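Order of writing sets the labels: A, B and C. Residues in every chain begin at 1.
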Amino acid sequence: MYKKQFPLLLAFLGGAIPIVSFFITTPGDRLKVTTDTLQDWMLIIAGAALLLGVVNLFQINLRKISTRAKGWPNALWLLLSLVIAAILGLADAFDTSVFGIWGGDVAFQWIQDAAFKPLQSTMFSLLAFYVASAAFRAFRVRNVEAGILLSAALIIMLGVNPYAVKILPFLPDTTNWIMNIPNAAAQRGIIIGAALGAASFSLRILLGIERSYLGLQKGE
Amino acid sequence: MDMMERLMNLDRRWLYLLVGLAAVIPILAPLNLPVNVSKPVQDLYDRIESLEPGEIIMVSFDYGPSTGPENDPMGDAIIMHALARDLRVVIIALYPLGGVTEAREELERCVGDLDPPNGQIESTRFPGKVYGRDFIYFGYKDGGLAAMRLMSDNMHEVFPADFYGTPLEEYELGREVQGYDDVAFVMSLATGIIGEWWANLVNAQFGTPVAVGCTAVSAPKYFAYYRAGQMFALLAGLKGAAEYEYLVSEKYPQLADITDSFIYNAGKGWDVQSVVYSIITLFIIIGNVAFIVERRRQKRGM
Amino acid sequence: MDFGTVAATWLGAFFTLCILSFLYKDNPFFRFAESVFAGVSMGYYIGNTFGQTFVPNLVHPLFTPPEGTPREWILVIPMLLGFLLYTRYVKKIAWVSRFSLAIYVGYYTGVNMMQKLQGEVLPQSADTVVSFWRAGAFANVGNWISLLVVVVGVLSVLVYFFFSAEHKGVVGGVSRLGIWFLMVSFGAAFGYTIMGRISILIGRVIFLINQWLGIGNGGVA
């Protein structure tokens, strides 16, 4: 029982506390103190949860290296760069120097400038090329709905383009109207629908009906 | 194979090359294209202009290097605008993949190099503005929603020390800010969902005025929040950044000089954006013209 | 410019070009950069989480509190709960991680539920109705039409997402109108998405040309 029912009870309590404190908001009372304490704990647990992937990464890549699987040198580079960045990061966190010569904060900042930022930025910048290619090769007016989509896209794209605005000065107002009226209306419908769905799914989790996040199947 | 077919089957690498060239040429030959200011951006500018000197605003860096070109100029403009208006700025970061780095870099880009633990606390770009009194960087915190809820009246529980490790109690501005009631509004520079959390959690539950500078990808959804009044201003993508930068530079020429000295600013980015955008718009039009011509030909052939 | 800055610029340029080489075709340089990206990102996470959360919010209050401040023994609980999450990797005691996971998921689920209802459903629904009562709502025909379009748009999109009723007849017609509103929104999203993707590329190109090669108008990085 303690392996299945107790976690479900903890999930219920973990969710009930912020919900009840939402309605009862007198400062200084026990409920507020409990809620604040729980929130304080969440900062630490969330930090630990973020790092769960590190263990997984090590498991998968060490296996690749030890079995000399296809692409094992890349697994080695991954783990090496992880270890180096982590050492520099921990040196910064605990305010120590690296090998007694390089300040932790300076070293950690350096690897962010030299590796983290350029790599992350460039990975995402590839999307610009893919989007351009997709716009030319795949975006076709095959039916009425696609025609509406294309028309809206073209008005928006021309409305923010200074060259087009010079020729058709009414475009910015049209673009603003589309964004604030029909687009906002559709997004509002999506937001309301998705929010109702999310709220009902949250209720299912709190009541223990939905248990897959604990690795339990239906009926377990 | 005729012209249309050759066009339709063009190797995608030629398209990549065209996009690359369209990005490079305006950098080598700047165009200084105009921007027209929209109401969501004007609202932010007007709000800052309406605040009294000494009031505090909070700027949350909720993005990473991947969207730096869009969000960085927003951060620069709002920090410098606030300091030029003698407002006080509290900076935090809630985005795990690079928010802490972006916040520090943009702060130092705006005020000059800082080293508070070793006494380097005065801004070189805004003489007389001092770290800990006129601006402060609380740092990054994990937890997302939990941190945002706890910050409502327990700021020091979330941030016991600033980014450099000094207890907040040791700074005048750190002591003054205990919760959202102590700030005039919160500006979130966001990629993805954290900007929404400021609107649908902090504004909805605590009534704190919220403005968001979001990436263009998220912008369509954020217009719904803006229209419902859950955020009082919205900077949408690089265009929003360029519009705000333009407004600030027009009123404060000294800030225009500082912005012009940056390798990258929204104005420069907007030039390049406009050219590449035009190329892609042409791609869409040409692609569809070719498609329609091909379909008509097939129908006639049937 | 000091050696560290120069080295960072050159290494950054090297990684940038390695990633961009994928546009021509897949190659070992891209694979290498991709692996380093994954590793450095994780290492960055670790350093950040320790430096910005664990040290100020756990280590200092629990292990090295300032003089005169009592030790916060209660923080042993979240520390333990954080450790317990990692038992999922040991098959025999993996069930122990459920306790931490349950509290973590339960808390965020509870917050999320109220956030969705109070922060999204209510204000968005309210504004759809209240707009008609705002000052200036009927100031001119344009305003009136816009308000009507918003109401019709929201309702038709909600009808489209209501799958418990068959989309036939009147429901089908309204649902079709909802799809058209969605297409307008997706078109707007498409236009803005292109803008967003281009912006990221601009940052990289400016880095390569202005900062690395030193061509064109330079300035403060």
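Here is the rule we use: a residue touches a chain if its C-beta (ideal position, glycine included) is under 8 Å from a C-beta of that chain, and two chains touch if they have at least 3 such contacts.
These numbers come from a predicted model, not from an experiment.
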item	value
Most centrally placed chain - per-chain CA mean versus overall CA mean	C
Centroid comparison with chain A (C-alpha atoms), farthest chain	B
Between chain C and chain A, distance of the C-alpha-averaged centres to the nearest whole Å	4
Centroid spacing, where centroids are CA-atom means, of chain B and chain C in whole angstrom	14
Where chain A touches two or more other chains at once, by residue number	18, 22, 39-40, 42-44, 46-47, 50, 112, 116-117, 120-121, 123-124, 128-129, 131-132, 135, 150, 153-154, 157, 160, 179-180, 183-184, 187-188, 190-191
Where chain B touches two or more other chains at once, by residue number	16, 19-20, 23, 66-69, 96-98, 141-143, 146, 149, 158, 165, 205, 219-220, 224, 227-228, 239, 276-277, 280
Contacts with 2+ other chains: residues of chain C	23, 41, 44-45, 48-49, 53, 55, 57, 107-108, 111-112, 114, 116, 118, 120, 124, 127, 150, 185, 188, 192-195, 197-198, 200-201, 203
Parts of chain A lying in touch with chain C, wherever the complex brings them together	3, 6-8, 10-19, 22, 37-57, 59, 71, 74-75, 77-90, 92-94, 106, 108, 110-132, 135, 145-146, 148-157, 160, 177-193, 195-196, 198-199, 202-203, 205-206, 213-215
Touching residues on chain C, where the partner in the complex is chain A	4-5, 7-8, 11-13, 15-16, 19-20, 22-23, 31-51, 53-55, 57-58, 74-75, 77-79, 81-83, 85-86, 88-89, 94-95, 98-114, 116-118, 120-121, 124-125, 127-128, 146, 149-158, 160-161, 178-188, 190-195, 197-198, 200-201, 203-204, 207
Interface residues, chain A side, partner chain B - complex	18, 22, 27, 36, 39-40, 42-44, 46-47, 50, 95, 109, 112, 116-117, 120-121, 123-124, 128-129, 131-133, 135-137, 139-141, 150, 153-154, 157-158, 160-165, 172, 176, 179-180, 183-184, 187-188, 190-191
Chain C residues within the chain B interface of the complex	23-24, 41, 44-45, 48-49, 52-53, 55-57, 60-61, 66, 107-108, 111-112, 114-116, 118-120, 122-124, 126-127, 150, 185, 188-189, 192-203, 205-206, 209-211, 215-221
Residue numbers on chain B that touch chain C, as the complex places them	13, 16, 19-20, 23-24, 27-28, 30, 66-70, 96-98, 100, 109, 139-143, 145-146, 149, 158-161, 163, 165, 167, 197, 199-201, 203-205, 215-217, 219-220, 224, 227-230, 236-239, 260-264, 268-269, 272-273, 276-277, 280
